[in-house]
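In the two complexes that follow, chain A is the common piece, with chain B as its partner first and chain C second.
Now for the complex of A and B:
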């Protein structure tokens, strides 16, 4: 059942450019790039138990890396993607060494501070980042060295889709591996894991770097479509949107996070212009509504299915606020 | 020699003025976090509400001290009501963990920030100080805005009041006991729910008052809420959670670092602030006056 649904969703995603206008394909590219950021954050927050309010930092670093490469070195998209992934991971590796020693709300605060400092850096370092104006005039991507620039929205969408599928599959593999199980153990009871002989610092540090890599890759894909990057792309609002996507999708459920990302981007970019540009207001209302109405996110809000009596929609919340132990 | 002294003295006094403003933000954040483990991300937005209240009642510069008193009164009422409201809103989420509560306040922060920019626009509103404080006084041979000295006096007064309330009063003792061991306080028959609401209201009220006090110094503009929230968080992390003295110490340190940084190395001011935080965290992970037990 699950496989059929996943296959149908993938098939539908693959034929999208043949069915819809280029505007819609562009919008779906944005959704996919943002979904990769949300997937990484879900691995970190939902499975690793480390909710970050600073994931816009590696996302933005990846975006700037791809943009600078495109302007000065290479327009080959996979190379940009690799470099941005490495840049996102490198940033996370640098700050994570200190950050993952903290937990819970404290971690939330520190990641927020790191997000802010990177935002400030993008704002101030005008020689490289173009300051508040950002970097415009980024050349279109090419898929292979010496290839033709990709100008069709549909082809660009296919590239973004392929990249997100590869990275997403990697994240799913990580979440299902022994490492993923260790992470869940650390999330649920770090003391017990420690007494079982695990060194809990290393898995936390590793998942922080993996989430940073995913965010960096998402940033590169974001720039591949937008061909523009500014400090707003790594602002607090992006971090907040990513966390919102994870929360309304259902913490710990990777497909839920992808769905949450779609909802957040659609609300933010499609709905709010029609409401007079009050994006933050709409986002805030969605936040408040999601916290009260969707405590387990989409993934935890199940319809009653006759063959699986274990699921109770609206059942009592788990103690200690831990949800979403399903793998994907 | 006196010129160097004068320059530095002015910067240091500026830092103290900025520090006491930061204290009004940080102490509320710190107490709310300490007593109920809620990271109130709407704190900066409520500071901004206070700043816009000052703009509303004293923005034209004609109202004199009266405008500021009205704004301060409004900030007290609005801040206390908002704090109590936030306490009520976060309570049903208490069983679901800290992240949900933080997310709720984040949503509230986005809503309040956007409503403020819809009402007051996106420009920087500068608020003139009350007329009798609009001049400057001589400080080591330099002219220094007298309003900033008034901010220091008012801020220190607030700090003393908060200190006496939290560290020397019966209610304060209950608050500190709740920070240390809430189930035990409940077992002794104290209604911690009401206590929590009072602390939340008091903390948010202080942030709102800080906004009124700081409006002639920092102005009021969209984005200021984030800036003061982040600096407040840095102060709290630096000083240690749930400690009034820590919040004061942290605010003084960050006030100096920020103002000195802006005057000496404007490009790197924020790096100095966060660098200071990183250094303190490396040396003392629980903050200068914090206890390691609150880290989890």
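Now for the complex of A and C:
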């Protein structure tokens, strides 16, 4: 049943350019690029238990990497994608070494700080980033060396879709692996993992780098469509929206995060202009509604397990916990 | 002959409060060693110092011939210490089988394996299933851990601790809050363990202690009050006085004569 649904969704996504206008295909390209950012963040926050408010940083670094490559080195899109993925991972590897040693709110605040620093850097380092004006006039991508520039929105969409499917499949593989189970273990009970013999720093650091790589790849795909990048693409708003996509999609469910990304991008970019720029207000309402109506997000509306007294967050009261203070 | 676990002059102070005061303990390989004592005796502090949850103010912990005093908890676990928590500490959102598989996949060196689906790590899954059978939870493999009863959670705790094939199994008040029937089943489980596993158990329930233990150490106010075979401990007068209860009203108001 799940496979049929997934197959149908993929088939629909594949034929989109044949059915709709180029504007819609472009908009869906944006959704897909942003979804890749959200998928990486879901692996980090929803499965690894490390909610980050700074994923715009590797996203932006990936975007600038792709843009600079396109302007100065190569227009071959897969190369840009690889370089941006590596750049996003490298940034995360550099800052994550310290960041993943913190927890909870501290981790959230530190990732926020890193996001702001990278944003500031993009704003000030005019020689490279073009400062506040950003980088414009980015040449159209080519799919192979020496190939024709891709100017059709539909073809560009297919490229973005293929890249997101490949990267998304990689993330799903990781999520289902023994490493994915390790991540869920760390999310549920890090102390217990240590007492089993896990050095929990390693899986946390690894997932932080993987999420950074996914964000960097998303950044490259974002630029492939927009052919423009500015500091606004790596601002706090982008980080917050990515986290919002994960929350309303249902943390820990990758397809939920992709759906959440679609809602966030559609509200912000399509609905907002019609509402006179009140998109963020609608997003806020969506967020409040999601938290109250779908505490487990889209993905949680159909409960996976039969409900039982113990099947709520926090678990049932533990009789042992009621024995008052234990012996020393 | 030195034991599997040796502590020497283990001391832990919290400011001016001395929780544990120069405790030397030797746990022989293959032993069922119980640590008992009234509330505040320092049992849990001793447990945390041995497993790595706390660092001692003074003293040493030697495990399996290696000084592990400064080693972090995960390194001690890898060296062969398996522990259960006083309050069930599980992975509540994961199915029961996955809880145990977290331990068996680490033992198989697959904790960071990213490519193959976890469910196709056949050896890891089967080892986890055998562990569940040993503690009697095989029928609950697919149930989320959060939905287990209190007794079942304690069983799963033990399965988790045993899944890494530890040399030393440390049990921190395992029967706390258990029904008499569950306690008895738990004692059977410990009795069924082979001699390859040494057990150090901290316990309130003296029935369980005297049923299982081959050696008993009594802590009182952070010090070792007595240490010996269960029968000696039962007969020891100072232990009677400090722990097993002394009905003499005078003891509430006057210090016991030395």
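We take it that the second predicted complex is superposed on the first by the 302 of 328 C-alpha atoms of A that agree within 3 Å, B and C clash if a C-alpha of one lies under 4 Å from a C-alpha of the other, contacts with A are read in each partner's own complex, and residues count from 1 in each chain.
Simple rule for what comes next: a residue touches a chain if its C-beta (ideal position, glycine included) is under 8 Å from a C-beta of that chain, and two chains touch if they have at least 3 such contacts.
This is a predicted model, so every value here is computed, not measured.
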item: Partner chain(s) touched by A:51 [first = chain B, second = chain C, both, neither]; value: first
item: First (chain B), second (chain C), both or neither touched by A:240; value: first
item: First, second, both or neither for A:198, with chain B first and chain C second; value: second
item: Chain B and chain C contact sites that coincide on chain A, given as residue numbers; value: 319-321
item: Residue numbers on chain A that touch chain C, as the complex places them; value: 173-174, 176-182, 184-185, 187-189, 191-200, 202-203, 206, 305, 308-312, 315-316, 318-321, 323, 326-328
item: Chain A partner contacts - residues on chain C that touch it in the complex; value: 19, 37-45, 51, 72-75, 77-78, 83, 85-94, 98, 101-103, 105-106, 110-119, 121, 124, 144, 146-148, 150, 153, 160, 164, 173, 176-177, 204
item: Residues of chain A defined as touching chain B within the complex; value: 45, 51, 53, 98, 101-106, 108-110, 112-114, 116-117, 120-121, 124, 236-237, 240, 243-244, 247, 278-281, 283-288, 290-292, 295, 317, 319-322
item: Contact footprint of chain A on chain B as seen in their complex; value: 33, 37-39, 92-93, 95-100, 102-104, 106-115, 118, 226, 230, 233-234, 236-237, 241, 267, 270-271, 274, 277-278, 281-282, 285, 295-296
